[in-house]
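In the part that follows, the structures are each spelled out as structure tokens.
Each of the next two complexes has subunit A plus one other chain: subunit B in the first, subunit C in the second.
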Partner chain A sequence: MLNHLMQEIVSPHSYRTISFFWSVLYIDIGAAVGLSEEERLERAGQVRDQFASREHGSQKEFYIMPLEYAFRNDGENCVEKMQDYLNSFKQLSAREDALRQLVQTAILNFAQENNFSNVITAESASNLSIRVITEICKGRGFNIPLITSYDDSSTHEGVRILRPLKDKLAKEIAFYNAVEKLKPVFIPDITTGTPLKSSVDRLVEEFISSLQANFPSTVHAILRTTEKLKVPNMQTVFNCVVCNSVLTRDERRSQEEAVNGLHTGDDLTNLQRLGKMSCYGCCRELDFFKSSENCSNLLSSKDDAPQQNKFVSERIAEGKTILEDFPIYVNDNIHKLIRMSREQVKESISEYLIEDQ
Partner chain B sequence: MKVKVEFSGGLELLFDKATRLTVDVDEKTTIKDLIAYLKQNHLKEKPELFMSGDSVRPGILVLVNDVDWELLDGADYKVEPNDNVVFISTLHGG
Partner chain C sequence: MNGKSCVRCGNKAQLKRPKTGELICKECFFVVFETEVHETITSSNLFSRGERVAIAASGGKDSTVLAHIMKVLNDRHDYGLELFLLSIDEGITGYRDDSLESVKRNKEEYQLPLEIVSYEQLYGWTMDAIVAQIGMKNNCTFCGVFRRQALDRGCELLKVDKMVTGHNADDVAETVLMNVLRGDIARLQRCVAIVTHDESGGYIPRAKPFKYTYEKEIVMYAYFKKLDYFSTECIYSPNAYRGFARELIKDLERVRPQCIVDIIRSAETFQFDTVNIRKQVISRCEKCAYISSQKICRACVFLEGLNSGKAKLSVFESEGKTQKSKARRVEEEEKVERSKVSILNADW
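After this line comes the complex of A and B, so read on.
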């Protein structure tokens, strides 16, 4: 539907034409959901055909971004690395969340690297209302106003996320597609075919869909309620190093402690330290990383001192760090955070520093 | 009488990847009967992902000849020869 509307807007034959350049980005999650190479190519081809078939001469390009590129490093099989990373989360909810973060980051990184100012997504009211409840369950309630806004003016380093279908129900979109004879391409997800209660997202979806069937204002009531929430102050923003969500004051304090506790030459192998640099939701999910029995509860640990679990000890013995299992951007985020913290400290003591003559 | 049935939005995975079927049903068959017939004869796995009680699961839309079944008689609508019944899943991941 979004594609069709965009085509209409830029079409020279439409009632009102708006001129802008736009491109289509297809994030290929095929490797994460176990599709074969042929199936991935077939689906990418179908998506490309969808966009090509309705072209009215508008200028746009079609990009395919394999999700595993977030793990691309010299000489390593990034598909295997991504699959290992996702499989490291022993709970489907955590795995599903990790996949969403990978997709979200891939979109934003692509937009930033290619100088796009806006990202237009096709999230419907139904998707967003489900997302609101799941994010509350996962402990990221603070970010809800950013997740559900029309215009995510928080700017992810210069990129805005726009959600033009925000007030359309999934049902309305499906009807639109049926009436316009648009054939959506089905892309399986990590939870496809799993039982109804297999993950938080799936359970909440079932709950909201059942409510919506009996009380048709459910979805809009949830979204209207979230509109009353205040958008976090984005001027002094520090983000979670794993999912990039905005941190609350307490989470930021914990992050600051973790960064200040770092000394030159420290490796970042400590899973607890990584947990402290993350938001509450990611910290909980890191509990399920590799094995919930190996990872002691990160939140309950009082300090980030060497309570290394068995897995971490094994990694150190192998001469590897935990960060090597994570997408490359997590490492980048940590280094950026350390740099920012040092600059902040430097600024606060600048008047006491004696400059070189 | 023959009725055309279509699946999309991931529902086809439950029906052995069949996106279109032509089924032969008795006269006076309602959509509710059709759903039971599909479960009995064509559904390959996980009926709970298609059905809830004797109807479809919430989040699955039904169109009869491009018309929302809620504007007809819903599950009690009696299908007619050559009707086109479309089941669309709006649920994430099918």
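After this line comes the complex of A and C, so read on.
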């Protein structure tokens, strides 16, 4: 639907023509959900056809970004690495969360690297209300206003996310597609075919859908609530190293402690430290990293005593850091964080430093 | 679970903690349960030495465990509090009369003074009589408004400085979701506060020492300690919309127990735009002098409705102008019903 509307808007025959350049980005999550190479190519082809310009003369680029690129490193099989990473989360809810973050980051990184100033997504009111409740259940309440803001003046390092279908219900979009004879391409998700009560996301989705069926104002009521919340200030450079969300004051303090406690040659990421550099929600998800029993309990371990799950201790014994299992951008984020922290310290003592002539 | 050992002491584990999934023995469970409540009390500075504190006691599991644990912690950690039990008798036959019996037994067991305030004595109406007039729909609204005021009146009688209620983590998480679903931003802001009070001192501060305590653990504690409580739900229909939220919380807990505390955490980190929240101007009700944001408090509006036989109408009228049209509709429906009655009478 979004593509169709965009076509309408830029079409020379449209009654309101707005001119801007736009491209289509398709994040191929096929490897994460177990599609074969052929299936992935087929799906990408279908999406490309779907987005192929119906208006001649429109120069629209079509990009395919395989999700596993976030793990691309010399001489390693990035598909396998990504699958290992996702499978390391021993709870379906945590795996879903990790996948969503990979997609989100892939979009933003692509936009930043290719100098796109805006990203337009087709998230509907129904999607967004489900997402809001899911994030509340996962402890990320602080960042919720950023999920639903329409034209958010704050940007992700220069990239703004626009959600023009924010007011439309999934049902309305389905009607539109039916009327306009548009056929969406089905791409399976990590939870496709799993039981209703298997993950937080699935439960919330089912809950909102059935509530909406009985109380038709549910979805919009949820979004109106979030619109009344204050949008966190995105101008800070110190974000969660895993999901890049804005940190609360407490989370930022804990991150600062973790960075300041680092010494040269330290393993940057025992799970404990990674947890401290992340937001509350990611810290919770990391609890399920290679551990199904949530015994590491990162959130409750406020002291510095290393309290790691079995996997992490084994990893350290092997002389590897757990960071090697994470997407490359997490590593980059940590290094950036350390650099920024040093710069901040340097600035605070700058008047006492003698510059080389 | 057979043969597994307690993660704390190494003895045989007897249960899996609902909150964390840890395998633990009974004695260690008592210790962690009590310690966590104590930590909540001290880290939030809930009480000061020498305070008189009323425990809102319904006879149910939450308030029975609350009474037990307040007594235990007050003695063990020498909080220096003077404790009282405060019960409200809503006048619901087959429910409240039985649960009050268990409160009376608790009074004897913990040697705490008990004050019972009844709707009948305060308002001249029991819930049985109210339901007889208005039916099952909306009766919880009446009960809620009356109970709130009745608890405050009870606190005045006992001359206490604070009241503690047995609201647990599940209740708080459920209320958070409810307020998000309803778009009630003012209540959303208030509902996660561990102490709610009115700055002008209009009513006694209320604290929730079980704010982070899981309902399942409260049941477990009551079960292992063999506490005497009454476990029947209120016989008048529960709020349907709230029921949905409750069910979601239960399902979420099954998938990921940490969700409950994470929902509370989320609500604690919400930032509110004060511009969007209508600040309540608290004054006194012209009729009963109870604190109210309107000229006449909701309890008095409801009472007037009950006494004049137009109780259904008063529910909408008390909710402000936006509900006026609904109120008119109800008034018309009632007129029709009255005319039906008169027709029936005429037939006779």
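Criterion: the second predicted complex is superposed on the first by the 337 of 357 C-alpha atoms of A that agree within 3 Å, B and C clash if a C-alpha of one lies under 4 Å from a C-alpha of the other, contacts with A are read in each partner's own complex, and residues count from 1 in each chain.
Going forward, a contact is a pair of C-beta atoms (placed from the backbone, for glycine too) under 8 Å apart; a residue touches a chain by one contact, two chains touch by 3 or more.
None of the values given here were measured: they were computed from a predicted structure.
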Subunit A: partner with more touched residues, subunit B or subunit C: C
Contacts of A:D189 with subunit B and subunit C, given as first, second, both or neither: first
First (subunit B), second (subunit C), both or neither touched by A:S209: first
Touching partner for A:T121 - first (subunit B), second (subunit C), both, neither: neither
Subunit B versus subunit C as contact partner of A:Q112, first or second or both or neither: neither
Partner chain(s) touched by A:R140 [first = subunit B, second = subunit C, both, neither]: second
Subunit B versus subunit C as contact partner of A:S341, first or second or both or neither: neither
Partner chain in contact with A:N331 - subunit B first, subunit C second, else both or neither: neither
Interface residues of subunit A shared between complexes with subunit B and subunit C: none
Subunit A - residues contacting subunit C, complex: 91, 93, 132-133, 135-142, 144, 197-200, 203-204, 207, 211, 215, 218, 221-222, 224-226, 228-230, 232, 248, 280-281, 284, 287, 293-295, 297
Subunit A-facing residues of subunit B, complex: 8-10, 12-13, 45-46, 48-49, 52, 57-59, 61, 63, 66, 68, 86, 88, 90-94
List of subunit A residues in touch with subunit B within their complex: 126-127, 130, 170-171, 173-175, 178-179, 183-184, 186, 188-193, 195-196, 201-202, 205-206, 209-210, 212-213
Residue numbers on subunit C that touch subunit A, as the complex places them: 20-22, 176-177, 179-185, 188, 241, 244, 248, 251-252, 254-256, 258-259, 262-263, 265-273, 276-277
